[in-house]
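When the chains are written out, they are named A, B, C and D in that same order, and each has its own residue count from 1.
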Amino acid sequence: MKELSRFGVSIEKGLLEQFDVLLKDRNYTNRSEALRDLIRKELIQKQWEEGKEIVGAITFVYDHHRRDMIGKITEIQHNFHDLIISAMHVHLDHNNCVEIIAVKGSSSKVVELSNMLRAIKGVKHCTLSMSSTGKEII
Amino acid sequence: MKELSRFGVSIEKGLLEQFDVLLKDRNYTNRSEALRDLIRKELIQKQWEEGKEIVGAITFVYDHHRRDMIGKITEIQHNFHDLIISAMHVHLDHNNCVEIIAVKGSSSKVVELSNMLRAIKGVKHCTLSMSSTGKEII
Amino acid sequence: MKELSRFGVSIEKGLLEQFDVLLKDRNYTNRSEALRDLIRKELIQKQWEEGKEIVGAITFVYDHHRRDMIGKITEIQHNFHDLIISAMHVHLDHNNCVEIIAVKGSSSKVVELSNMLRAIKGVKHCTLSMSSTGKEII
Amino acid sequence: MKELSRFGVSIEKGLLEQFDVLLKDRNYTNRSEALRDLIRKELIQKQWEEGKEIVGAITFVYDHHRRDMIGKITEIQHNFHDLIISAMHVHLDHNNCVEIIAVKGSSSKVVELSNMLRAIKGVKHCTLSMSSTGKEII
């Protein structure tokens, strides 16, 4: 169990009431947990900006009928094999696939990989979810 | 003076240490104030999503040499005169101006005005800062 | 093969030069493909705003040692089983896991699921990648 | 008049139709202008990431009844006087003011100023609009 620090926070009454409404909306049962999540979000953003080792998910949608599609995607992934932890492939319909790649490494390398996948003709959309290894984020 | 509520927060020791570093970076002298700011940011985002009355700033850069530029910008602003509180105009160099308009009204109307200004030929860039009337945000 | 439309675009010489530099940076070999990607990005953002059927990836990092963690995560996922296509689980280190869930459904439902996972104590971070079924995005 | 380059773009028929709907929504009368705006948006984002000289607007809402408020805001602005082009002040209601500062300088300095204003007790919300001097953005 992680050691907890306790401290007091003072917030204007009306602001706290609005926060409590927001928490209920978002399914929190506990103010501390909601505040911890807001704090972690800021810290993880900082990790990305500073080029730290991070974890992310690259999600891209493509039409697998395009010629050479699979070949190009596979080749790029192999060139970045040390970044890629694992990949998940979903057949959305007759034409469309979504592939989600879990990545770990420096944020700049991960952005580079995401840009390379986005640039492939036939990749319709590519987004990058910026998360964390969790190691320094308690 | 606004009435304050006090409550205890418990946060993992290591997480709190990282938060304190972040606070120092960002010039906060006080955890409560930093947490209040994180809370208000979420609440104001919600106000925008729900179409509440908000305050914003529309910032757009343009080349004033373009024919009819000033005429078009003025006409659009007049059509939305009930949204616009005031405008500030800066001459950046021989060609470029930046104009910043303070707006108050429903978030959807403000987005519409921002879209109309962005679409003018000669407007190089237009961004919308989403803030609040402060009224419900304590 | 999709039917292509061809049309002419006129862009200031200097702006086009800067765009070409950006394209090279981002690995595009072709202006049309880069412009198509910019267009699709706007269209997919609109699909999310309008509550259309979308595809997304929810990425969340957690400490699996937390009591009841796995139970809660599993229960929530079952409650949203009609949204969830498939899940990928990665063991990051002795304590930390990242789980990535591919989801398909209305954007509001997907946001709700993402909020519920984020609110669980022990979930350190949860992000939502907003993508598309690809169906209407050509 | 800026020299124009003309080139052909080929886009899937269905995608172009969707783009045309989007353009109409956003008040564009012209595909080229819409594409130029998408390009400029990417270029300006790059200027900010690379620490170039940029233009921005800092919008902050505060309660002017707070003790020392005005003093602190004024002092910080003076410390960054070389960044600040001009300021606009709006009285929103009996308590709330919004102040919008037009800034020009390195993106990192502007972010620093924005962080300092946000951290002041009594400043309820502070956002930074990232725009451009327009100089390199044609």
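Note that a contact is a pair of C-beta atoms (placed from the backbone, for glycine too) under 8 Å apart; a residue touches a chain by one contact, two chains touch by 3 or more.
Note that this is a predicted model, so its numbers are computed, not measured.
Centre-to-centre spacing of chain B and chain C amounts to 26 Å, using the average Cα coordinate of each chain. With each centre defined as the average position of its C-alpha atoms, the distance from chain A to chain C rounds to 9 Å.
The set of chain C residues touching two or more other chains comprises 40, 137-138.
Taken together, the touching pairs link the chains into one ring where each has two partners.
Shown are all chain pairs that touch, namely A-B, A-C, B-D, C-D.
If you check the complex, the residues on chain C that touch chain D are 2-16, 18-19, 22, 31-32, 35-36, 38-40, 42-43, 46, 136-138. Residue ranges of chain C in contact with chain A, taken from their complex: 25-30, 33-34, 37, 40-41, 44, 55-57, 59-63, 85-86, 88, 90, 92-93, 95-98, 100, 102, 104, 115-116, 118-119, 121, 124-125, 127-135, 137-138.
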